[in-house]
Structure formats: structure tokens, C-alpha cells
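In order of appearance the chains are A, B, C, D, E and F, and numbering begins at 1 in each one.
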Amino acid sequence: MPETSERYARGWNLLKTIDGEAGERVIASLQEVAPDLARYVIEFGFGDVYARGVLSLKEREIATVAALTALGTAQPQLKVHLHGALNVGCSREEVVEVLIQMAVYAGFPAALNGIMALKEVLAERVQIGLAP
Amino acid sequence: MPETSERYARGWNLLKTIDGEAGERVIASLQEVAPDLARYVIEFGFGDVYARGVLSLKEREIATVAALTALGTAQPQLKVHLHGALNVGCSREEVVEVLIQMAVYAGFPAALNGIMALKEVLAERVQIGLAP
Amino acid sequence: MPETSERYARGWNLLKTIDGEAGERVIASLQEVAPDLARYVIEFGFGDVYARGVLSLKEREIATVAALTALGTAQPQLKVHLHGALNVGCSREEVVEVLIQMAVYAGFPAALNGIMALKEVLAERVQIGLAP
Amino acid sequence: MPETSERYARGWNLLKTIDGEAGERVIASLQEVAPDLARYVIEFGFGDVYARGVLSLKEREIATVAALTALGTAQPQLKVHLHGALNVGCSREEVVEVLIQMAVYAGFPAALNGIMALKEVLAERVQIGLAP
Amino acid sequence: MPETSERYARGWNLLKTIDGEAGERVIASLQEVAPDLARYVIEFGFGDVYARGVLSLKEREIATVAALTALGTAQPQLKVHLHGALNVGCSREEVVEVLIQMAVYAGFPAALNGIMALKEVLAERVQIGLAP
Amino acid sequence: MPETSERYARGWNLLKTIDGEAGERVIASLQEVAPDLARYVIEFGFGDVYARGVLSLKEREIATVAALTALGTAQPQLKVHLHGALNVGCSREEVVEVLIQMAVYAGFPAALNGIMALKEVLAERVQIGLAP
């Protein structure tokens, strides 16, 4: 697929920078049943959109965590991007603030489920040596 | 209501700083039928949550615009916070980036409707002298 | 359609009791393009579900107003059921309470849009002589 | 309940044709707490709606899989209808297409969670001898 | 935090009355990562909103169960409030009616997932001695 | 942007085939504020996804109409794709069936709002000479 190879390479590098191992696992999980969807995540999601600049990666992750917490239908993806937010420079305290703010716009259950996801992510990061 | 007066004052100031006239109109529109809801917006939404610090107001508005665009059920509030984002220092280009990013997480219709709201907001800002 | 005639009659009577003219207008608006959908609203929605008893019609309207406000995707139907709630014995103050409570579970925009719908409904009721 | 017996019989046969064992398990799971809801699923969902013709069952399952994937709040029901789609003649490749298309309208997380549900369904079908 | 102590005490008492142990566990689960969110649940959710009167606690729980079932994104919170509804005087039959009614407004999957949550809650209540 | 030109051309042709003038108006409306989002709609939405084959365009439009009706947050896009469904070979009766079926999965308000959108689309098609 030569026409997309540049988008793919750019996207793959950004995916690894932002979501790290959690993102790579998502891509791997799609290979058997829907490899093209994995490719679109990389090419469009990361190669086109995250690569646009203007916003910092930290600002982009704040937007993503806010959106996924508010939607409430994407708990696995929220966990990937809680890792992502922490990977690109959000402190734990900043992530908590985004989640709490969602209580105002999407209701308390959305914020509570966001905090539960963060608790799981923080525990995973201790296990994989990304947090003390 | 002496116990809440400090939260109310802090919230009212923040509401004016962030949302400006658009926010004040929301509060006014609630006075006749549900004045207590207006008070909660100010006390809880702004006096408690927006006043927490840790995140900058610009980061908070990025989170809010992302969430409201993704939800797709809050067009009037999205417009208020598009004004808010621009009021606290987001450039028009940065706001566009947040909206485009929502195509990845909430689908293209969410992003398109976000852009339509932004077009209305930009036109309003020309009218009220906040944009050239 | 003799097998459904009892369900239809029971549903039609309940629809008129609960939603009044606003409900009849919904049914009429469906006749040209999707008359069977109108029939299902009456047979299933009202003839089967609202007719079940156990809950009072007031309790059923509290549930419906809460659900439609939280969903935020059904503004025309919310207005019909705000009329409905007022028709079956909810006071204006009780309806306001349901809407305010939704701020906790679905966020402030849901509650605010509920109040805006209620303002329109209250104005309609003055016009049609159902409120002073 | 003689007035509904024809709708019930027609619905039960369609439920078994479309959803097979997965559908029967849903009905069984409701019997103890809410048997009337099970009856409505059969009478209204299948006896009224799926029995209408005009669309083929394959087209109806495409619509259902699309809707449940986009909503993202009905993972158990999505799995039942992924079985359903495969039972009424969709190929695995066609189902994957519907899921990928949802990335455009409801965002990538919706599509990804749809693929995860499909992976579980495909594994179940191997176990119960419906797939090689 | 002297200015909020009265709201907190009022809220805490209501939380215990309505949600009982299930509610206290939610608050405890937030203490380590987001204690302020726990405080807002108590102060705003219960101290401000549930304490408003006008509606009975039973009517408030009908509204909450309806909303959370319709949203479909808050299964843990739905379970807490199914306990809540039963704690403040709803019969099991009344709760089932609210859930069935949601099939009309949010679709059958929402109602089915509500019933599944209720089955878990009823089993928990047998275990903890709140039901025969 | 030579690397994407093939995707763009393929997408633009499909967009015109499927959505016709209604689709072109969407693209035009984005040019001033977010031209890249317009490009992504064409390249990713149509050039990548709709061009995949396996499903017929009619089956793809059935999926899209179902999803947008169920979501309930994308009324302008639903109207574009109601035109699209009719343009690629769905009869008016088939479209009505998809909308009615959504009552089962997303509730009656979703189906009712879908029918209201269809009524507007049918009137537009008379005006522009696409229907008798």
C-alpha cells in the first residue's frame, strides 16, 4: 500500500509515543479479524489527526480523556488514553481534574466510572514499572 | 444563603471570565423557572469545579469543548463554551483541532456539528466586536 | 386488525388522558409516512406498557421525563411528556425537581435543556388555556 | 392471552430463526423477574417488527448490528445479533464491514468494541459447532 | 471546610438512608484517588439535590432508575440506585415497571440490561439479609 | 497532497453518487473553517470505507441510516443519508422499515425523529425533482 505508507509510519510512531504498550495491544487484537480497522486507527487516527500539530499531545490527550469519559461507552479506550495522557506529560492530578470536570457536563456516573478506570490504570503502571 | 456565598461569588466571577455574556444569558434564562439550577451552575460548576486550579482555564475549556462535541446533545452549551474557549486564550485554530479530533472518538457527525456550532459562534463574535 | 383492537382502544384512551392534544398531534404527524409506527406507539407504548398499572400515571411520567431529559436526544418527545406530567397531576414544581435532579446523573446541559423545554411547554399551556 | 397468541407464535419462530440459542437464552433469563418484558420482545420486537417483510432478514440484521454498535450501550444484545446476522446469511466479512463503517459515524471506539464482540461470537460459534 | 459542613452532613445522612451500604462503598472507593469527587457526590448530589423535598425519595429514585437505565452507560450506579429504590419504599414490582417502561423510550436493550442489573441486586439483597 | 489524491478522487466520486447535492453542500459548508475535515470525510469516509466493497451501497446506507437514527445526535447527517439511501436504490418503504425497526433498539423517540427527518427529505425531493 505505497500511497499510505507515510501516513502509516507517522501514525505508528505517534501511537507508540502516546499510548505505548496499551496501544500496541489494541492494534494486535484487531489483526486477525479486522486488520484494515487497525490500519485506519494508525493512518487516520494517529497519522492524520494526532500528527496535525497546533495542539500539544498533552492538550490532545486532555480532549480525548474528556470525550471518552463523557461518552461512557468506551471504557477500554478510556483506559488506553489514561495511559496516553500520563505518557505524554499529564500528571495524575491533572488527569483527575479532567475526570472530575466531566461530572458537570456528563453527570456524576461518568466521572465515577472515569475514576474507576484511572484506578485500574494506576495499578497497571505500578506493575509495569511506569509508576513508583 | 450565607454558607454558599463564597462559592457563589467565586463561581460568578469565573463564569463571567470564561463564558462572558453568553454565560450570563444562560443564568438569566433560568431565573424565572428554576433559579436554584442557575445557582448550582455557578456554585458547583464554576465555584467548586472550575476554581480547582491544577489545570489552566484553557485546558479546562479544551476538555469541555471535547466532551460537549462528543456527546452531541448539548449544542447550546457547546456554543457557550466555544465562546469560553476563545475567551480564555484558545485560538480559532486550536478550537478547530479539538473539533476535528472528535471525529476519531465520536464519529464524523459529531465533528461536523461542532464545526457548524463554531461557525455560528465566530459570526456572533464579529457582531459583538470580539473578532475582526 | 381485530387481534389488536382492544390494545389499540386502551392505548388511545391512555394517550389522550396523558399527553392530550400534544400526543394526538404526534400520531397525526405519522399517518402519511409511517401509520404503523403510530399504531405501535398506541398499542405497545400506551396499550401495553402505560396500561400495566402498579405505578401511578404520575410516577410513570416522572420516569419518562427523567429518561428523556437524561438522553437529551428527544426534545420533541420531552415536550409532549412535560405536558403529560402536568396533565396527570405533577405540579410545575415537581417537574422542575425531576429536571434539576438530572444534572446529577446526566450533567448540567441535560438539565438546562430540560428547563428550556419546560419554559416552552408552560408558555404553550398559557396559550391553550391549560394554565393561568 | 388469546388476543396476542398469533403475534407471539410468529415472533417466537422469527426469534429462533434469527437469534437461535443466543436469543432463547435472553428470553429464559427474563422469565423469573420480568416475564412480560420477554413477551414484549417476542410479540413486538419479532412478531410485529421483524415480521413486517419489505426488508430481508439479512438487511434487518445489518441495521440492528449497525445501531447497536453505534449506541455502544448494548454489548450483550450486540453479541446476540452478531450471531443473528451470521445465522440469516451475512458472511463474516460482511459483518466486519458493518462494524468498520461505524467508525465513520460513531467513532473508532464503537467500531473497536464491535470487533471485540465479534471475536467472542466467532469463538462461541466454533465451540457450538456453527463454524469450522 | 466549615462552609460546606452542613451540606456534607445533610448529604451523608441522605446517602446512607437511600443507598445504604452500596452508596458508602462508592464513597470509600473514591477516597484514595479523588476524595473531592466523593465530597461533591455527598454535598451536591445528596446535600443539595436529594434534600430539596417537593418530591418524595421514592419519586426521586424512580427518576434516577429511569434515567440511568435509559442512559445505559452507568451500570454500577444503576445497581446502587436499584438498591436505593428498594430501600426507600419501591416494591420489586414497581422497580420492574420502571425498567420495562424504558423499552419504550430507550429501546429494549436498555430495559433488558436494567433487568439484568436488578437480578444481581435482588441476589445481593438475599445475601445481605435485606430480602427473604 | 499527492499521496492522498487517489483516495480523494475515489471518495469524491462515491460521495456524489451516494449523497448527491446534499453531500456536496456539507463539504462546501466546511471549506471556510475546517477544510481538512471536509478532506477527511471524502478520503477516509468515502475513499477508504464506502469504497471497500463486500457490502452493496444499499446495504451500507441501511447501516448508516440505522446508526444515525439510533444515535439521535446527528439529524443533519441523517437527512443527508436518507437522501443517500434513496439515491442508491432503497425504496421509500424500505427506508421506513429501517426507521421503524429502530424503535426496538433505541426507543420510539429515535424512530419518530427519524420519520420526521424522512418527511422533510421527501418534501425536498419533490422540490428538486427527484420524486414525483
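The criterion applied here is as follows: a residue touches a chain if its C-beta (ideal position, glycine included) is under 8 Å from a C-beta of that chain, and two chains touch if they have at least 3 such contacts.
If you want to know which protein each chain is, UniProt gives these names: A, B, C, D, E, F = Carboxymuconolactone decarboxylase.
This one's a predicted model, so the numbers in the text were calculated from it and none came from an experiment.
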Q: Call it same or different for chain A and chain D: same when shared residue numbers make up over half of all numbers used at their interface.
A: different
Q: Please state the rotation angle, between 0 and 180 degrees and to the nearest 5, that superposes the Cα atoms of chain C on chain D.
A: 180
Q) Hey, which chain ends up farthest from chain C, C-alpha centres compared? A) A
Q. Among the chains, which has its CA centre at the largest distance from chain F's?
A. E
Q.
Using Cα averages as centroids, what's the distance between chain A and chain C in whole Å?
A. 40
**Q.** Separation of chain C from chain F, taking each centre as the mean of its C-alpha atoms, in whole Å
**A.** 30
Q. Residues of chain C touching 2+ other chains?
A. 36, 40, 44-45, 49, 52, 68, 70-71, 73-74, 77, 96, 100, 102-110
Q) If each chain is a node and each touching pair an edge, is that a line, ring, star, complete or other? A) complete
Q: Give every residue of chain F touching chain B within the complex, in rising order.
A: 26, 29-30, 32-34, 36-37, 40-41, 45, 68, 71, 73-74, 76-77
Q) Which residues, counting only chain F, touch chain A once they are in their complex? A) 3-4, 6-7, 36, 40, 44, 48-49, 52
Q. What does chain A use to touch chain B in their complex?
A. 44-45, 49-50, 52, 54-55, 59-60, 62-71, 74, 77, 93-94, 96-98, 100-106
(Q) Using the touch definition from the top, list the residues of chain D that touch chain B in their complex. (A) 70, 102-110
**Q.** Contact set on chain D toward chain A in their complex
**A.** 71-73, 96, 99-100, 103, 107-113, 115-116, 118-119, 122
